[in-house]
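Written below as structure tokens is the structure these notes are about.
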Amino acid sequence: MNLLKQYISVRQHSVDICASLKTEDYVVQPIVDVSPPKWHLGHTTWFFETFILQPNCLNYKVFDPNYNFVFNSYYETVGARVIRTDRGNLSRPSVEDIYAYRKYVDAAIVDFLANTTIGKALQDLFVLGLNHEQQHQELLLTDIKYILGHNPLFPSIDIQLAEHEIYDNKTFLPVPEGIYEIGFEGEGFCFDNEQNRHKVYLQSYEIQQNLVTNAAYLAFIEDGGYEKFQYWHADGWEWVNRYKAKSPLYWHFVDEKWYSYTFEGLQKINPNQAVCHVNFYEASAFAAWKRMRLPTEAEWEVASQYFDWGQRWEWTNSAYLPYTGFQKATGAIGEYNGKFMVNQMVLRGGSVATPEGHSRNTYRNFFQPQHRWQFMGIRLAV
Amino acid sequence: MNLLKQYISVRQHSVDICASLKTEDYVVQPIVDVSPPKWHLGHTTWFFETFILQPNCLNYKVFDPNYNFVFNSYYETVGARVIRTDRGNLSRPSVEDIYAYRKYVDAAIVDFLANTTIGKALQDLFVLGLNHEQQHQELLLTDIKYILGHNPLFPSIDIQLAEHEIYDNKTFLPVPEGIYEIGFEGEGFCFDNEQNRHKVYLQSYEIQQNLVTNAAYLAFIEDGGYEKFQYWHADGWEWVNRYKAKSPLYWHFVDEKWYSYTFEGLQKINPNQAVCHVNFYEASAFAAWKRMRLPTEAEWEVASQYFDWGQRWEWTNSAYLPYTGFQKATGAIGEYNGKFMVNQMVLRGGSVATPEGHSRNTYRNFFQPQHRWQFMGIRLAV
Amino acid sequence: MNLLKQYISVRQHSVDICASLKTEDYVVQPIVDVSPPKWHLGHTTWFFETFILQPNCLNYKVFDPNYNFVFNSYYETVGARVIRTDRGNLSRPSVEDIYAYRKYVDAAIVDFLANTTIGKALQDLFVLGLNHEQQHQELLLTDIKYILGHNPLFPSIDIQLAEHEIYDNKTFLPVPEGIYEIGFEGEGFCFDNEQNRHKVYLQSYEIQQNLVTNAAYLAFIEDGGYEKFQYWHADGWEWVNRYKAKSPLYWHFVDEKWYSYTFEGLQKINPNQAVCHVNFYEASAFAAWKRMRLPTEAEWEVASQYFDWGQRWEWTNSAYLPYTGFQKATGAIGEYNGKFMVNQMVLRGGSVATPEGHSRNTYRNFFQPQHRWQFMGIRLAV
Amino acid sequence: MNLLKQYISVRQHSVDICASLKTEDYVVQPIVDVSPPKWHLGHTTWFFETFILQPNCLNYKVFDPNYNFVFNSYYETVGARVIRTDRGNLSRPSVEDIYAYRKYVDAAIVDFLANTTIGKALQDLFVLGLNHEQQHQELLLTDIKYILGHNPLFPSIDIQLAEHEIYDNKTFLPVPEGIYEIGFEGEGFCFDNEQNRHKVYLQSYEIQQNLVTNAAYLAFIEDGGYEKFQYWHADGWEWVNRYKAKSPLYWHFVDEKWYSYTFEGLQKINPNQAVCHVNFYEASAFAAWKRMRLPTEAEWEVASQYFDWGQRWEWTNSAYLPYTGFQKATGAIGEYNGKFMVNQMVLRGGSVATPEGHSRNTYRNFFQPQHRWQFMGIRLAV
């Protein structure tokens, strides 16, 4: 697919995700990690305006000079910005303004692509911008879920996710000891953090063929998993006690039955779906209760050709650190990944909320261990 | 005016205030004290539904049983509620839903009033509900101002306030020593906290004829008033330092000139308007700098017949405490005033944001001393 | 008694209070409001060094120039200081150092008094310094009690307080309506906040002859007083819930019996002693439960000639505000009282921890409403 | 050396470290991470009482049953405990009590060892207890330094540390690509986290022969290192801004010269000493400024035979995670290491504060990245 088609297609997908939102749903920010949908729509647009149009398109006129302040996320290089906790306090720009902003920037990009021969560097930046927008498409879904799932009315909304059921939770795949290679190499896009491809030495291990199901996780809950410190990291145990955690995010125990919030409203737990919305502490505690462990990211990547993935982001027991030979890009784009390489854990795979074609088996997603509003699940190793 | 006409007129005024808001402006809550406009519209409606319709109107069907949880403000008697800090996290009920709610309740009330002979107690409750709605009309204005005035785009909006200019800031009116009476007595509505009317003994004093102007307050700023602890209460000095306060709320020093945010956007300070959006600490510090003081509420009330009031809520040096003989009402209505009688200071008068006919010279408004997002000003005594 | 004798006697009393402390007891600060005993001993000494010796005694050599930073409490006039929360982090100056400091300053004062004819202003300052030290003597007792009473070993210590039992909790004394005078006038020392003496108009009222007993308060607890919001101020109810308060400070429910920590260790509650260590919220809630109220400070002062006081500081329903004609002194001494005249409630009387001769019936003690580590109690009015 | 001799020698060393403290220095806890010296002395004793004497010595009578509550650090298995932030609020048990406690337990241990033939498991537990005490000996030194170094009097104290000067900061040692083994194997004590010994694959790298000096670090400061976000992790940059960090801990810029607090009081920075008291963020930012990086723990361990180590704990770029085959011990001892394996970075080597013989080149020390009150330094890799 050529760049112009790709651009139009990716940009349209963000708009499609939001098609059934009410204006009010675009605005709120119930916790600092959840951004208002309208902010995502503006921020991804700002990315193209700031990094593509402004430096490369001579006659481009900025849509509104105040938007840099509003829609910059964390790029220190690009100047001051609204602090993250304040995103939900902004009633303006309005949703209508932001859609106008999208149209304005899209028209300029289409015009630019139609009339310019662009070199490799700029093409790479375009592809980065599209991958960046796809990341925010996943965040749009997780943030919409958080906003509606924490509303006392538990509204349903017309968003479909392709969930598959799992019927075998016992099979483990063996991988022999030896030298393996991990990391990205070859044609196509990857993030800088997937490089360099390099050798690792792995001991023999076994990895679960399927994701841990709700039924399996429920057994952990019913065995008192959230009440026994033995299974938890010290920080995890503190998290359990501070938030009085008793189940994954969105679960509610009503009239002696477990329900969870989905885009269709509150629904009974499906025992055969992969458990979702657990954080690293919960994933680790579950593994400890099973007397197993989470795989490392190298183990996951090496074995990934033997199982299906893509229903959940899968917690690994690897911290998010640079691969050997990792180099930060210069300028603002260099702030994309490297500066987050501390205090985070790696997740691998992809989820029902990940845009098609966005992930690959070398993809390194990362979050702090307490987070669980993404579609995160568990695959065990031993 | 009969009750039905009054009801329709007061209810309509809330809607009128919001006429030029965008949907997004109804939703946000930038600080805990500022409620989203849609919450005010819902809460005032809930008041009539809960305290008038439900107990008195046999066939009344509640609009939505979840709304009690959403729109209860602080009435412990009436059950659990959304915690105050979370009001801005609710995208639903939507603005459209809430206007439907208003129409539904208004229709029921109109029908009820048309077909029922109501006794004194219920009539009093109606009048309380209307006064309650008027209080929220003032809050609507102050909260809209806060929401737009803290937006980096400083949007203007079509809301008019009747500001008068002041040209004399020096005249003081003398009041002789003696026994006076304060508090409400007679026909018409008053809040329970205005009673009982009782005797007080006042020493002779003088009180300023006009409110302190921006020009007068600017002299305080320019004399370093915010940098000299001598003028401040200990708590006030801590407030200055914590928030690095340098001027009233909404003031901005741009290119060596002072501007303030108004409903017309950022505007140059008008030296002849009454200073606005100062808290008790600022009012007291200004008075100390002038080697004067704030009046007590008794002094204010006794002298109020000799000057005009209504441009600003005027800070007094009286704490909000019960008058002699004060009795809390029973039930939820009893939570209206009495339980707030600690840690607050009394303001007297009214402001450009106060609905016409809502205030009177025995009216006791009250806020914690650090608040300044209301239209608060200063009148000196000596 | 002449000034020298008074000085020696007051200063010695501080040392006597600490006689049975272990060195470690002098050091800790379990909450911000409780200062380490060694800090009190140093601070009161610093007061005499800074305000008497340095400005008036030509050859006086400061004991240690760093001590101003360490022992200044809140006097902005006198320069930077250790922030209050950090007092318990200072292992140095040692207890030995501070006793040496006391001896050094005492010797200088004695020498100064023996060789100087001092004028009225300086004499007043001396008396203020002694009253200041007496205030810290009470704080020494309350802070020692807090330090030991919050230690899991509940140590006993050799400090005696003269508690009297109360056998009548029902008698109320009537006071007729009329004009009265309150405030200090005449010979002898008073704090600036007790002036001016002025007329007040009181409605008729009745005031309880004796303090509320533990037995009476226990009935409130057993009737669910801490679980019913109706009796509490909104801020009080928040306090109850935040701290899960169920009883006065130092009370423990062990094996179905109530105990309280005293200087003799944990002891069974004596039903006939005045309830102690309740805050304003608790005092008010108790009064509301009784369908009575707390007296105002004017009511208390007018009636005080008719009852005994001095077992507890008695919460009034008056906020701490300036009397008519109140004038702050100039300089550092002016920071003594005036700057605290907001957000505090007045207590009247005195307590078993108050040094003999320190209080009088015009004395205005004040604390924020949530505090209860002083020897605070309740006298009702109606 | 036999166990008894070892026991006596290690236990005596804790007492020796504290020999020149004043009683007050034993008591305070200026930040949550710094425990009062008396707590360390009690806690290490409690370890022997709880894990050795109580389960193994039939006639042993606990010194004081309350001490379990006071001196348990983080062992959930062993019951409730004083929360960590409260350790500095405890004036009792007194220093004298704790020394008595030590004597009592030491006598019981000596008696026990003299009269019992102990098996392998118990012997291992003894050795663990001694290593545990050695860890607290290092903490004693770092905590004493923090307590005195944050006192406004900057007291000196008679504690000697063996600092060596460094004159070459440029030499780097090359290590070729290949399979290496890391982890502990063989005779002697190691912590569970040093196992299993396992193969790793390393790319070729170079590692600095000597630690980074104060002179080298000063160049970073003078080049504006603390003001340029480019060198910092996002979390590190937030740390810099929150704490307004401008230099390593204990550094003070006085009269245009850099000083640092040492056990001899404030001293001029020695340019030829290894930089000390930097956290992971500072170490990483320094490395980024140098266009180099920190070594991984595997790189460090493999190369460690080629350089001297032991002046500073050296930050690596490895997160603290389990080695392949790591197994938690059962019971309370199992809480020693495994539960901390998240959110921490590994440090290797040892420091001037580490007891002789305590560390080894497989030793894995770990702290959260913001901590710097240990004797932490930097060795670069490339």
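General observations
Labels for the chains are A, B, C and D, by order of writing; each one numbers its residues from 1.
Keep in mind that, in the parts below, a contact is a pair of C-beta atoms (placed from the backbone, for glycine too) under 8 Å apart; a residue touches a chain by one contact, two chains touch by 3 or more.
Please read these numbers as outputs of a predicted model, since none were measured by experiment.
When chain centres are set by their Cα atoms, the one at the greatest distance from chain D is B. Centres computed as Cα averages put chain A at a distance of 45 Å from chain B. If you average the CA atoms of chain B and of chain D, the two centres end up 57 Å from each other. For the pair chain B and chain C, the distance between mean C-alpha positions equals 36 Å. Touching pairs of chains, sorted by label, consist of A-B, A-D, B-C, C-D.
Here chain D touches chain C in the complex through residues 22-30, 38, 66, 69-70, 82, 86, 88-95, 147-148, 150-153, 155, going by the rule given at the top. Those residues of chain C whose C-beta lies close enough to touch chain B in the complex are 74, 76, 179, 198-201, 203, 229-230, 232-237, 280-281, 284, 293, 317-319, 321-322, 324-325, 334, 339-343, 345, 369.
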